[in-house]
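After this come two complexes, each holding chain A, first together with chain B and then together with chain C.
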Partner chain A sequence: MIFALAEEATPGTVAGFATEYMWAVPLLPFLAAVIIGFFGRKMGGKEHYVGIFAVGAGLVMSLIAFAQLAGGNAAVEASYTWFRLDDSLELEFGMNYDFLTGVMFVVVTTISLLVHIYSTGYMHGDKRYTWFYAALSLFTGSMLFLVIANNLMQMFVGWELVGVCSYFLIGHYWEESPNSSAAIKAFITTRIGDVGFLFGIFVLFVATGTFDIIEINHLAEEGELGGSIATIGALLLFCGAVGKSAQVPLHVWLPDAMAGPTPVSALIHAATMVVAGVYLVARMFILFEHAGAALNVVAIVASITMLIAAALALVQDDIKRVLAYSTVSQLAYMMAALGVGAYTAGVFHLFTHAFFKALLFLGAGSLIHAVHSNNMSDMGGLRKYMPHTFKTFIIGSLALAGIFPLAGFFSKDEIVGEAFRAASEETQITAIIVFASAIITAFLTALYMTRACIKTFFGEYRGHGTPHESPPSMVVPLWILAGASLSVGLLGLPVVGPFADWINVPGETRHGFDTLYNIVLPLASVGIAVAAIWLGWVLFYKERRQVDILSTRFAWVYRLLENKYYLDDIYMGGIVRPVQYPLAAFAYWTNQHILDGIVNGTAHATVGAGQGVYGVIDQQVVDAGVNGAAGLTGFSGGLLRYIQTGNVQRYAAFLFIAIAAFVALFGLT
Partner chain B sequence: MPVSYFLVLSALLFSVGVYGVLARQNAVLVLLSVELMLNATNINLVAFSAFFQEAGVAGQVFALFVIAVAAAEVGIGLAIVILIFRNRQSVDVDEMSLMKW
Partner chain C sequence: MEWLDTWGLSLAVFLPMVGVVVLLFVPGSMDGVAKAVGLLFTGAALLVGVAVGLRFDYGSAGAIKLEVNERWIPQIDARYHVGIDGIALPLFELSLLVSFLCIVYLLWHVPSPGKTKALIALTLLLETGMTGTFIALDLILFFIFWEVVLVPMYFMIGIWGGPRREYAAVKFFLYTLFGSIFMLLGFLALYFQGNTFDMIALREQGNLGSTLVQNLTFAGLFLGFAIKVPMWPFHTWLPDAHTEAPTIGSVLLAAVMLKMGTYGFIRIAYPILPDAAVYFAPVIGILAVIAIIYGALCCFAQSDLKRLIAFSSVGHMGFVMLGIATVSDRGINGAIFGMVAHGLITGMLFFLAGSIHERFHTREISSLGGVLQQMPRFGSVLVYAGIASLGLPGLAGFWGEMLALLGSYQPGAGLDEGLFRILMVGGGIGTVLTAGYLLWTIQRVAMGAVPEKFADGRGLFDVHPLEWTAWAPLLALILAAGIYPRMVLGVTDGAVQNLLKSFGG
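For the complex of A and B:
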């Protein structure tokens, strides 16, 4: 493959030696997927080494290239013409390696490598082990292909590839019909958004005549692409982001996607694929900025999403569903940050969230591996049995809740601070909404994570058998991610952290130290989180002991509480429930009945239309054509066979007649 | 003597051969008729060779080749006829319609 280096490199800087070869990084996992797919069965359970090697090499390259970028080397844009219809339409495969790509590469390869390693323990003995690793590698390659794309068409190709890998992996245990239904649901729901994405690409192509991302952004900045067509284009692109990043109203697929194996949930449905939507908005951010009300729409949708999802996370019993709704809500956080123009903060939250959410999911996987159930009602008291999982899960939960000095604190505070800045200094209505939603969501986040931790690690064990700690292949990735969750936040330290130097929009000025933004707001937000944790502790744990004492005296209360599923919520929720539970239940009901109904209705309509097409077009038109052609051939053949008498003399007679005819025709004229 | 005499003789001989191939029922006579047709072409070749001297003796040499090939052909043909006779006690070509549908 020949890549022509772009001439746009800033004068005085040169591209680093590794950055020029970053196109090879997506190829490695693709290659690994092909090797595992074709030869994996002969490797006798060693196929994961292929994937681990490919992704590991990708991680090393990503780190070197990122170090070169940070060290002052130029970003690289290069492309290879795939085909050209005429001068007006040219499709390219290209690479665009800058800081945003670099950050995504580090995140994707790191999480993917850890998940590859973790899965050797988690998926051990699975009957589709080979297939699992092939799909995992294929996913990693597709995601990197999407991220490195320099044009929207290539990005769309990668976008669909990650979608189909997600489908494969959600349906990994397809023997049980809910799992395959979940896979189909995820695929169809995201496809609805993808239609918008594709039309957005068309609109932008018609308006600008190019698929090139940098060029479209540049034209938007220059004002040559603007007005309603830019708004329409940006909103259509956002449709794709809504589907992929599970924003309202297309968020319904993500909780169901938890049917897949837990490492897959960690890699695809928490840390990487679902942030593709956020990445798309970030990548096209300059277009969104110059596209009228597009960013406001992003902010409002994200605000609604984060509240609805965080409320839902409070009432789930399945630990993976708690985390899934949490993911939806945190993705909305990133979107909201972009919506109020806080580009750096949004991308930074994407970066930190990937680590601690992957940690939480892998921790949940470790729990599920031990107790063989997804339900928190089958867990409890596990801190005694699984000390490593317990410690790392608590670190992840604190990071998610935004407690100082963990990763979530810095990124979440930056978003809250930026929303507050936009609300107070520019008095944008949307910024005020985002700020309010972000504060409430921060409270709810700390509350539901407290509930999840208490229900899994504290109290008495409620499941069957004796749980045991997971093997080292699973615990080591947990500790690595815990270390990352503890430390990566420091990259985004206000004022001095390097992250804002790497990721910024042109013309964005870096804020200096400010008591309000750097002391008061963080203190307030940590205070809110701590209050939520305290409240959760009281509601879900401390009062529970009171319940046990009271239950002996008031047997009828005890019997009432024995009604399993809402044990905690019915009694302790005496205060919380009137406010929170109906709201959450209503949201859940809407979610399950109305939104799912629409999706299911669409599916039924599609099936009906498919059957109609089969009955009429396929059976009556296409088949009639095929059968007719065959019948005609048979009939004419039947006529011709009458001259095949087997009589040699008659054949010879035909021969002579024919020759005589030809002579008469050509010879005598 | 003009060349047309030889060509007419050749054409008549060839027509007799064609008639024999198409009309006779005895396979041996069909083979003989093929020989007649081959000899008709030989007459043509020799006649043209004699009348157009500048072409050398190529026509006559070609006639010798035809005679040799005809000998081989009739050898194989008679062998087939004998085998058919052994199998079916008949050399009637109307009965040899094994390739019929």
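For the complex of A and C:
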């Protein structure tokens, strides 16, 4: 289908001059990472310019190339052989630049550039400033490498590389062990999903003989790849997506990942790396469509995730954790859209979410920078001290809550509408579940963001010292993102917005104006958000109840949420600790006492037997009492002496006998 | 330079031996001269090896090349038959490189009790044995090179080793010797069936005795090779040998000697006894996956850094053996890649463990910490090697594991697909466990606070220039093999195709 797209959108099939060179966009940050890594320390605090230049150039190229695609130039696929094994395996190293890639490139380079700039303020004076920028560039390159991959194995390579960058950056403040533990947790949890991803690649590769994404999708569309193999393959790929995009039950790593510096959270854990899972499903969408119940599984997992995470966001005190759970919930929104077949809506939400969630994280970073605490209980009343952060944060919050006409409104509304359409017109059970979850989540989202805004910006300041607005290097990116949050939604205007044309998927018909979908549902969803904001205002500001209602009237719910549904405890207590200690100790015990016991026991027995045999052959040597004594004192102490005093002769004797026996045996037959 | 095409291989193998002879005339007190001799001869061997590698015809990497086949011991039909193909070449070059780097490392530090000359002589002898094993095409020749390796390593552990060196040395020697006996019996059985010790001729003959005889012969070879690898449950000599061995002993052991076992499977057992190989493959596969998981679990229980790395070798060699067990193009290529990767990465890790011991005078993980703070470069190299070891794509560790697992998803003809898919899942679980203990180790050693005991930083200097010299080639190759896997696979694939012809492939 993407195949078809390339041909359809481009009658002349002429590639744009920029689109052909898009492989350079990942390469630039890789080079920047190498330069900063090796020479950064000699640049005297100016090393960030290397990264800014590399990513900035990438952004310019991404925008030009995207404009060329939109203007009718062809999508580009190019590759060369990475390695091959005779005719049994050929792995390519290639690029596949189409609209989906284009959207991701614009998102990744934009957010990365802003984060690079913002960090010059936020990370100023950090001990490992140089390393931070090297890792940031390395991440950006890896992410683009993942996105541009023309085959699943290359994508997997990028997938793991962003994972390890994430590990490094989460653990940036590794002097404190909770931070390095959070980094390990993130890596291991996602790796569990990645094993599934890798096996999914195997399944598809063995079924189709190729790693090529376009070809696999094409074969699925043609029906040559189908049945249970397609379903198993798709579901295994989805395992990887569940890990990376923090879906239930592997979502537990993302809140802990907030241990990393806040700009990292904005870039990696909100806007780019965590959407890789959504991107994977979108990339392989045709396969998923033709893979039996796979999309239903995606939809159900996403529905559960969005609710569970949104509820958790409601009880957090750490502002970054509020946003982290919000991210989990919004990623589920995107997944759910794909799950009900709303490809364009899902991708569009990925696009808009990147801007307003990055804005919120960078805003949170600005707050944390000012009050030196992540906790909202140390904030309050900050609108007076930090007007720019306040205004931009409110814009981001409204966008996330889905208030007209901000970015989140259009994308969220499209998902709700598509779920409703699938539910009402095709009466898919899963679509009904998605629709219901989406509505409830929309309500919860507006509620927790209201709570967060009130606790940070309203009331009295509860922290220490006098907070100040952040420097321009941090505020300017906030305003740029705020501008984007206000405007990018217009690209996806129903009926007329160009986004759907760009992303245009054959088979997904563009709907004309419809009162139900374009007036009633949007009004209803905005109404729900407004109601939630009003409720939040009453609960958290006017009546100052904080979450007391929950914690007193529904104490068990509150406890359940506070303990994150006990999932972390179950994983830690049920898997990690048992493996780490008792199981490992048991394995090692068997190693030392059983396996090695047999070895040492055999040695003892051999010594004993040897003494007997040798005694028969030659009495004299037995008289050397050393042997007997050492044999009894055991293997560890005496054997070296043994070697020197006769054991080697004994070995030789054995060898001779054995060889003679063998010669006799085989020589005669 | 035509002569390189014939006697080049032998020259590279025996140059270190010439070095040993030269060392005989060097007084024991002249450490500097001994080091220079060591450097000269390992360096010369490496240069010859590279030159031979450059003359190797990569277009037909499948065939045995650069052959010499001369009369040697006519009484028992043993010939001096050497040659190299795409399977052996990477291992041959790896041995030459690592031996040279070990001598470079000795320039920086000679372990107690000194005796530099003796240590260098043993290293040279070891090099001849190791490189010879990879080019021998005659079973007796192979056996001699194989056994030559034992003696220097025995003395290396026994003299320059840690507190339990005597136990470890004897255990290493006897255990591998025990295996060698069975291997030798296997060789003799082959001789009596095929009337030749020539590997190539034996392979071409095929049909070496009844199924029972073939299986018994394979079992003998299996025991010899499996102990060397070492495969679970024959691995218990390895942690002791590694823990007690001096740094360069551990490096050579991990980087090269373990590969002699896996190489034996691919070079001798598989092509000559293909039916028996298929018969035993499920057992090998099961033992391999047990090794992967068991090795990883044991790593969690270790308190000594070096012992931990030793157990990690058990797991990593498990992936190699899993690849071999699949009897498939992908699996065996993956296995050879895995051997090279493990040689580079684990060799590097043992260098690091040794250098940690030199600085902190302990390898107890619980008493280390914050290495990245006090020695940022050293710490970074440690993190890099650790991350490589857990199989991160882009570094060398990934491709071997990936191909071995892919091989088990679709094993070679005649093997039970269901069983091997279960093994694949086991291997997958192993990769998660591997990541777990390695990251945990990195956290405890490299990250966190500096322990009070070392807070003054006395004696803690960052990577020494000679250490850089010894390590840089390994670090670079780890990256190069990760980015450009064709570097290895392009050489091995032809030879693996050739091997698979024995299996009707």
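Simple rule for what comes next: the second predicted complex is superposed on the first by the 533 of 669 C-alpha atoms of A that agree within 3 Å, B and C clash if a C-alpha of one lies under 4 Å from a C-alpha of the other, contacts with A are read in each partner's own complex, and residues count from 1 in each chain.
In the analysis below, a residue touches a chain if its C-beta (ideal position, glycine included) is under 8 Å from a C-beta of that chain, and two chains touch if they have at least 3 such contacts.
Here the structure is a predicted model, which means the values were calculated and not measured.
When the two structures are aligned on the shared chain, A:195 is found in touch with chain C, with no touch to chain B. When the two complexes are overlaid on their common chain A, residue A:69 makes contact with neither chain B nor chain C.
Using the contact criterion defined above for the overlaid structures, shared-chain residue A:599 touches chain C, although it does not reach chain B. Once the two complexes are laid over each other on the shared chain, residue contacts for A:86 go to chain C alone; chain B is not touched.
Of the two partner chains placed by the overlay, neither chain B nor chain C lies in contact with A:59.
Between chain B and chain C, it is C that contacts the larger number of residues in chain A.
Shared interface residues of chain A, touching chain B in one complex and chain C in the other, are 642. Interface residues of chain C facing chain A in the complex, by the touch rule stated above, are 158, 164, 166-167, 169-171, 173-175, 177, 181, 184-185, 188-189, 192-193, 213, 233, 235-237, 239, 294, 297-302, 328-330, 333, 370, 372-373, 387, 392-394, 398, 402, 405-406, 409-410, 424-425, 428-429, 431-433, 435-436, 439-440, 443, 447-449, 485-486, 489-490, 493, 496-497.
Taken in their complex, chain A has these residues touching chain C: 82-86, 88-89, 153, 156-157, 160-161, 164, 167, 171, 174-175, 177, 180-181, 183-184, 187-188, 191-192, 195, 198-199, 202-203, 205-206, 579-581, 583-585, 587-588, 591, 595-596, 599, 603, 635-637, 639-640, 642-643, 651, 654-655, 658-659, 662-663, 666-667, 669.
Taken in their complex, chain B has these residues touching chain A: 18, 21-23, 30, 93-94, 96-101. Looking at the complex, you find that chain A touches chain B at residues 641-642, 644-649, 652-653, 656.
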